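For reference, the structures are reproduced in the following blocks.
Each of the next two complexes has chain A plus one other chain: chain B in the first, chain C in the second.
Showing the complex of A and B:
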């Protein structure tokens, strides 16, 4: 994965940032700083999935210049906080694998539907590959979206009766209405 | 044979000579000894044996207290015996006191024999039996026996290291006895104490349960009864102790001693340090930790310049009454801003206070949102709380 230069916030080089603060007010500030940092980092790096067990390989959770790591349990609790706003979701029971949505699923869904409307592809069928990687979507925010995340976003549209997912083993597509 | 002592042949008070025989040999059990051909005098108290002529000259002779003789019998001469000598066997009890002043220190036998080379009339055994049964040595006036005995033993004790050791031992023994006598009552009390405490506990729990049924007046009266018995009643402990005059004056004294020191140290002193300093200042009449704690607990209610404060961690300190958490947090925050970051050790060095107190200060600052922590493998450090200030 190519590392995109990200402008780290001042907290990133502030050692207490990597210890969960016991003081409630301080902690809420700290956690919210972490939340925005995680979302920003994932957006810049097009990172859809975080595995907590491998999180220390990411510079996000490991600042080698001040030699501080964020404890995995703290990572999990921050991601849980993110999940409350729909910005993350745990993929397994022990909450090791997480999808991170820097746009919530609803936002993704409306973005995709906007694109579909713009290009007049209602009542037509698109493959998921076309939607995520196709030439036409380049330059769109959701270009390169992770397939699992895409499906979840389309499920949101489906519940609004704006599309129907066609998920067979061979080809996965979606029909927009 | 170890029951024999060297003694003066002079008769004691009330002692009277019963019979005198010559050419007598002493056996230690079945063994012949070198004490042969001497004079034997049976008195009402003792057997005296001396070399021929020694007793009449008043020289030292051997003496055996008749009180040690349990039983005597005459040895029947064996069929092969050619000698004319007749023997008496004296069975002896264990010596009552150890006395190094004898011809032989130990003996494997508990009997001796007296061999009368010239034979004797049967009245010797009769007289001896008579003397033993009368026990005249017991009828002596106690003082009369005790007095010479004591002086005698004092003289004997001075001899050699053994004597010194023995006198020390005896002193210890006497001290032991007097102590055990003194504490006899106490040991009884101690065996009772557990029951007493249990009793008072059950009663006080009953009172607690039936708070409504008994009038306030009765409760208080009962509790005061318990206290007058010296029983710590868990229910009333705080309320009653705090009114105690002793603790009030003690609290005042502690304040007098420590106020200036605590001001110097930044307004706070751990209770352990308080304990050491107060007792150091008193020198004698030392205080128990519990007394100091109780005294400190009532300081606040007495409006003294110092008060007891307990941190969340349980650490207790005596601090200036003017000092509150907020000002501590404030002062620590200023220090943090100056230094950038601080560990408890560094703060302890900067302020000249103990590490425990330094840590408490940093935690207090954290509690007020004035600092934040960095808990890494390098240890716990505190930083100014930029989360809230930036």
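Showing the complex of A and C:
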């Protein structure tokens, strides 16, 4: 995957940024900066999943120019903080794989439904493929959204009675109301 | 630099507000309580208030300190009340304006640096903020030192710390910086690399390990230094206030 140019904040070139700080106030600033950086990086690179076991392959968690890496256990605790605000979710029990929601599921749901209304698509059925990859959605923020994340966002709409998911072995689609 | 932007910066930085609010009321509780009640009204009538209490402000350093801290915690800048107030306290316009701007820069950068800023960094930021007119460019280091020292009438809130070789740092969050800590800052400044270690201090200052470690750990606890555990030789202590990318950055996080 080609890397998108990201403007790294000053902390990224600061070696201690990659060590969990012992002083509570400093740690709090550090975690806050990491949370913002992770979301920004994922958004810029359209990254929906982080596997902590492979985290060091991402420049995000490994700044080779200063030879510093963020410890996986620290990555997990920061992602846990992000999950408290609906910005991440662990996918497995050992918490190695995480979905990252730079838009929360509610925000994704809202964007998708707005598109549906704008295009007059209530009461029509769309395949999930069309919804994520179709020509008509290019330019929308949710274009290229990961299928699993899309389904979760649609479940939010389902709970609001704005759509109904139609999932079978052959087809994956959704009807909007 | 617009004063309004400065007030916004004061109000934004919760960390500083909390520190000011946490200051003890042990001393002069009655006067303090009286002042708090009056503060509601005095936002508009600052000069009247200051004139009324000018004797206390002039004579009593503790009263001055609490006066400043309370103003800061409600986002009021006592230094912008006009010439009358300040000529009473014997400070010229030029230094008064400079002092206000120093406070603004410190408050804007404290969340990154823990309350310390190098004087030359301070000067660069001030020159950038003051504007392009020639009169704004000729701010010398000496001007800043005088202006910063005027702020000392507010007690330990602002301190100018010499770090040797004609260099200075301004400390704007009250804290205990002993001679040893000052010596550490000197070493960091002269190393030109924003970090030191126990080994470095032992070599350069001839200190025992315990003394070096204690000084460095204290500065970590003051929020002035961050630790780096990924150096192969030893634990490193970095100072954001002396790390160029930090001082130069204008980002909010």
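Things to note:
Please note the rule applied: the second predicted complex is superposed on the first by the 177 of 177 C-alpha atoms of A that agree within 3 Å, B and C clash if a C-alpha of one lies under 4 Å from a C-alpha of the other, contacts with A are read in each partner's own complex, and residues count from 1 in each chain.
We take it that a contact is a pair of C-beta atoms (placed from the backbone, for glycine too) under 8 Å apart; a residue touches a chain by one contact, two chains touch by 3 or more.
Predicted, not measured: the structure shown is a model, and the values here were computed from it.
Chain B and chain C, once both complexes are superposed via chain A, clash.
Looking at the superposed arrangement, the partner reaching more residues of chain A, out of chain B and chain C, is C. Of the two partner chains, chain C is the only one that A:36 touches; chain B does not reach it. In the superposed pair of complexes, A:18 makes contact with chain B and with chain C alike. Once the two complexes are laid over each other on the shared chain, residue contacts for A:73 go to neither chain B nor chain C. When the two complexes are superposed via chain A, 222-230 is the only one of 24-32, 78-86, 150-158 or 222-230 in chain C with C-alpha atoms clashing against chain B. Judged by the document's definition of touching, chain A residues 10-11, 14-16, 18-19, 21-23, 25-26, 29-30, 33, 67-68 lie at the interface with chain B and also at the interface with chain C.
Interface of chain C with chain A (complex): residues 15, 111-112, 114, 195, 220-221, 223, 226-231, 236, 238, 240, 243, 245-246, 248-249, 251, 253.
Residues of chain A touching chain B in their complex: 10-11, 14-16, 18-19, 21-23, 25-26, 29-30, 33, 67-68. Chain A makes touch with chain C in their complex at residues 9-11, 13-19, 21-23, 25-26, 29-30, 32-33, 36-37, 67-69. Of all residues in chain B, those touching chain A in their complex are 341, 366-367, 369, 372-376, 381-383, 385-388, 390.
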